[in-house]
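This is the structure, below, for whatever I ask next.
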Amino acid sequence: MPVNTKIASKAKEKLSAPFSAEEGKKLYYYLLKTRTVDEANRKFFRQGKLLGTYFSAVGQEATTVVPTFLSRPTDAIGPSHREIGCSITRGIPLKNMLAHLMAKRTGMDKGKCHPCHYGGSEYRIITPASTMAAQTVVVTGCALAFKIRGEDNIGLGFFGEGATAQAGWHEAMNFAGVQKLPIVYICQNNLWAESVPARLQAAITDYSDRAKAYGFPGITIDGNDVVQVYVTVKEAIARARCGEGPTMVECKTYRWYGHSEIDPADYRPKDELEGWKKKDPIPRFEKYLMDQVMLTPADKTKMVADIEKELEEAFEFADKSPLPAPEEALEDVYAPGTFEDWVKGWLK
Amino acid sequence: MPVNTKIASKAKEKLSAPFSAEEGKKLYYYLLKTRTVDEANRKFFRQGKLLGTYFSAVGQEATTVVPTFLSRPTDAIGPSHREIGCSITRGIPLKNMLAHLMAKRTGMDKGKCHPCHYGGSEYRIITPASTMAAQTVVVTGCALAFKIRGEDNIGLGFFGEGATAQAGWHEAMNFAGVQKLPIVYICQNNLWAESVPARLQAAITDYSDRAKAYGFPGITIDGNDVVQVYVTVKEAIARARCGEGPTMVECKTYRWYGHSEIDPADYRPKDELEGWKKKDPIPRFEKYLMDQVMLTPADKTKMVADIEKELEEAFEFADKSPLPAPEEALEDVYAPGTFEDWVKGWLK
Amino acid sequence: MRTVTFIEAITEAMKEEMERDERVYVIGEDIGIYGGVFKATRGLQSLFGPMRVIDSPLSENLIVGSSVGAAAMGLRPVPEIQFSDFITPGMDQIIQQAAKLRYRSGGSFSVPLVIRVCCGGEVGGGLYHSQINEAWFVHCPGLVVIAPAFPYDAKGLLKAAIRDENPCIYFEHKKLYRSIKQEIPDTDFTVPLGKAEIKRKGKDVTIVAYMLMVHKSLEAAEKLAKEGIECEVIDMRTLLPIDKETILESVKKTGRAIIVQEAPKTGGVAGELSAIITEEAFEYLDAPIKRVTAPDTPPIPFSPPMEHFWLPNADKIIKAVKETMAY
Amino acid sequence: MRTVTFIEAITEAMKEEMERDERVYVIGEDIGIYGGVFKATRGLQSLFGPMRVIDSPLSENLIVGSSVGAAAMGLRPVPEIQFSDFITPGMDQIIQQAAKLRYRSGGSFSVPLVIRVCCGGEVGGGLYHSQINEAWFVHCPGLVVIAPAFPYDAKGLLKAAIRDENPCIYFEHKKLYRSIKQEIPDTDFTVPLGKAEIKRKGKDVTIVAYMLMVHKSLEAAEKLAKEGIECEVIDMRTLLPIDKETILESVKKTGRAIIVQEAPKTGGVAGELSAIITEEAFEYLDAPIKRVTAPDTPPIPFSPPMEHFWLPNADKIIKAVKETMAY
């Protein structure tokens, strides 16, 4: 893979799809599911069903779903706050995700963390902190563990373009380069970090240029082109898995809504969103699959129905789930069986 | 100036010197003085005259002396621990420098900081902390101040190749790029960070490649070639001063002795030092000046004598200076006239 | 006189100081066009332009560290940390640079800056939008640590901090932003750094608190007054240097002390205040000093029942006061 | 039994744990070929290779943060911070990641790692090679904070920490490295985390200390014994969780307490310990609890007269004990 290749066009030139019909269909399913759940969550939020806030990733699905789809369940994922697509594709049950958003005991975090911070060790998704780029460092450590152990698992590190300005991000990338770690970094450049435009975040246009400073390939692609993401990330994962070291893939994409649901995002130019909506990754991919006769309208209808049903059940499960008991605040501070007297002494 | 130009060769091609005889002589004087004082300090250290430890910069003089020589007294300098050349060239009196190394009250830090941490506001040299790269961030802030105020002062940020792996370094460089700050970053790549070779510090050969990630020019030069450093840094300073933004100049050089005087540096390959001693910047420059008839042996003899005399007097001054009184530990915590009762209350 | 909210007081202080002194500038994430995630800097960029109201990259180390450099060159930066939970990437510059540059340079450099930090819970912010972390800075000589509870103090202290020659860290409790209003003068005023204030007089027990906990303490005091217990409520306002005199004088009068702290108990500021009282007013104490704090878990679990269980409140203060009175 | 120095005890602990458990690895600056700036990891790289003894770049955030990730994947990293003064760039990963990953994941992730931190003064290290900064971590629930004073404890606690499922931070006082020797068993042993130990029995006054200050306290106790004052010296060994029982039991017996802390006074661990004693053993106290600490200036001024003035020592402890006894 060439260093710093700009807007790779390989995928476009391919006439035949780089995946089987079955694979293509599955991929579409996850994209659709992510979109559907995300929009439903926004609705639940407005209805007051969710707690705190909600970070939508609508418009960016390709950049999280595809890499996760291409990974193995034993590969580690270091997500940030806009990676609902990773969780859905890796298979965190919707019911637990919904419960998480409602701060219920049955959420993966048992109501402890913060909305949209999906993760859990059984999924090898590092439950994120809100501190930007921190998971990039952590997942780099996962990749180090794989290298030390001689396993062929890889790490997948997700971050926004804003997070690339963070201190720790630099240290992680640099170390991954030095140690040729098995990891793929996915930069979701959605042009905005809350209200801060990318031009105030860095004096470069293509954030993949940053990879060069660490001695490994960086590539910028159209993050709304599922096929391009597929081809690029697949190759990057293959490189990582066979010991050729890290790759950074910058996906140009766009956040349709506010930073979170309480942000009207009125700092953005009016027509920017409209332009990006035309590049919506999901209809584009749907058309591609239908053109390739890999997906039929009937398939889609069934998928929609399946997803709706699962979502409905999930919502019901979450809604009926209990909130944590107050004293559960004292759980999970230390490992089970250690220092319990210290923490629980509070109750006396 | 081109982005990421490797080993610029402009200077070499020049037939006539890029400076006047008077300038060349002065520059030689500072180089010689830095070398002489540095070697003398090493001797004083071995004689037990200095306290703590001592960081020699012998072999690296060109990279600190020349940029400082090219700067104005109102330009801010953010040094690290190996920048004796900045202090000497900017004009911190030798007697205060020696007193600093002896932890005397007459040192610039009044005995408070740590050896070789030369600085002071009257010299616009940020007294360094030992925390690597921290001054890079601070001096970037100085450059920001100049830009906010609309002054044409610039910042000069010095760091080793090791420091480029630090978190804060990244944030500073990135911000300098975004704001096009008036600053020149000098990376002294002496191939080692204590015992850690540059190849374990980053997976790149030329650290100037890092500048590209921040959207400003990086250039790698022979840091032991005074003329090349002169030409390159002069241009970089001119760019900074007229609002064209930062430049990173990577100077390949070599630390002749241990990380500090208590380090035998036996982790380095035996012959590496010998090779670099042949590239000693000072005789090279001396020969150049003599070839250009800008310096005569008589000039040199006088300089040596002047420096020796100043050094002798400085040593005597420092040696006779008192150590701080114990309670001076309670001075300079807060600004004069503020919270004195709080700090001095200790004495009750 | 005019009534302002806590956050309006903060905005006004910045605006007035920027008008008064062209060396003052602000820098932080989302503070320019957006006016800050809580709108503390609303309107400032259009008044003072993008070089005095700087939208920084996502870089806390730079936000603080560049301010140290600019302060050393004579400016008066007011950097903002969007949430105190995100202060950790900036710790190096706060602790090793801002707090120590004067000392390590033998007094040669001054570092007049004010780091504004949005902090605190009871807003459902969960583990990463509720922290305070004030205790670390109280253990950092060279810093001035400010923690107001009322709009008047918020404005007066922020102005005083901006005019002060020392590096200050100024905690703003986000729960107070819009929930607390107060009348303040129309004319320029400052509140002295390093001075606590008695916010309610009382003879039976001293309650020492800061930020949101002052309000909880006052609420408790009102209720207790109905039962005949008169609490003296001290608002620390500045956490470093500590105004020992105000505390000690009060405790010498009441003989009983409760210290209220929103953060987890162990290693917090309440412990320090308790130790000072024991050291310097032991013979006046009629009962052990009690601390009302959060438990020793990461601050603050997200789900409402846990957040409520976790946070100190008026009821918990009342309980502690009664136990102390019954001792 | 064999006599080892403090640093040998530490090296042995790492070596033995790496032999016992292949999940254990070490990472840090200059720790490989060089064997560490104080030689704590000497010889380990040639035994275990560069993938288990990793020379990291100059990146404290990465040193800690990568260890969090590796621990989450089941390894047992032992990252080293070369000097505690340089822990600030790693604070974010320690506080927000290592200490909170278990909690924020609802107990899903374990983070078994041990951050070794070289710290402390009395070695002429000046402002940036003398800090300890332990207090910040004592205010960070989720962490275990370890601070040994003797080779036996150093080895036993480090082994226990490496085997523990919790994120531990292990402070090593550099002054102790070669100045303290002790006999230790040839066979495997651990020392339990979270338990203080009485290092000297006494009936008159309790002295609570940790790391270097334990030795200063014992020195003071020896001298005081000649004057007929019998001090009980408690070595905290672990600073979080705090072994309250050992302290309280002792104070209930002696009725008097001195707490010794090397760091600046305000906001330090001594304040917390004092507050605990007041809260839970008030009625047993015959005199105010005294703290013997450094003054509130940045730690530690370089020049010898100032360093000596600054640091707590046996004489200062003796003075405090006598004042307490005379109360």
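Which chain is which? They are A, B, C and D, in the order written, and residues in each are numbered from 1.
One rule holds for everything that comes next: a residue touches a chain if its C-beta (ideal position, glycine included) is under 8 Å from a C-beta of that chain, and two chains touch if they have at least 3 such contacts.
Here the structure is a predicted model, which is why all the values come from computation and not from measurement.
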Chain pair, B-C or A-C, that carries the greater number of C-beta contacts: B-C
Most distant chain from chain D by Cα centroid: A
Centre-of-Cα separation between chain D and chain A, whole angstrom: 40
Approximate Å spacing (C-alpha centroids) for the pair chain A, chain C: 36
Centroid spacing, where centroids are CA-atom means, of chain A and chain B in whole angstrom: 44
Overlap residues in chain D, where contacts from two or more other chains coincide: 56-57, 59, 61, 85, 88-89, 92, 96, 100, 103-104, 127-128, 141-142, 241-242, 296-298, 301
Contacts with 2+ other chains: residues of chain A: 109, 111-114, 129, 131, 165-168, 171, 174-175, 178, 200-202, 333, 342-343
Chain C - residues contacting chain A, complex: 29-30, 32-34, 37, 55-61, 83, 85-86, 88-89, 124-129, 295-298, 301-310
Interfacial residue positions of chain C with respect to chain D in the complex: 61, 85, 88-89, 91-92, 95-96, 99-100, 103-104, 127-128, 133, 135-136, 138-142, 240-242, 263-264, 266-272, 274-276, 278-280, 282-283, 285, 287-291, 296-298, 301
Chain A-facing residues of chain D, complex: 25, 51-52, 54, 56-57, 59, 61-62, 65-75, 77, 89, 92-93, 96-97, 100-110, 112, 141-142, 144, 164-166, 193-194, 241-242
Of chain B, residues touching chain A in the complex: 165-171, 174-175, 177-178, 180, 199-204, 209-210, 212-216
Residues of chain B that touch chain C when the two form their complex: 76, 78, 107-114, 117, 119-122, 126-127, 129, 131, 134, 137-149, 155, 167-168, 171-172, 174-175, 178-179, 331-336, 338-339, 342-343
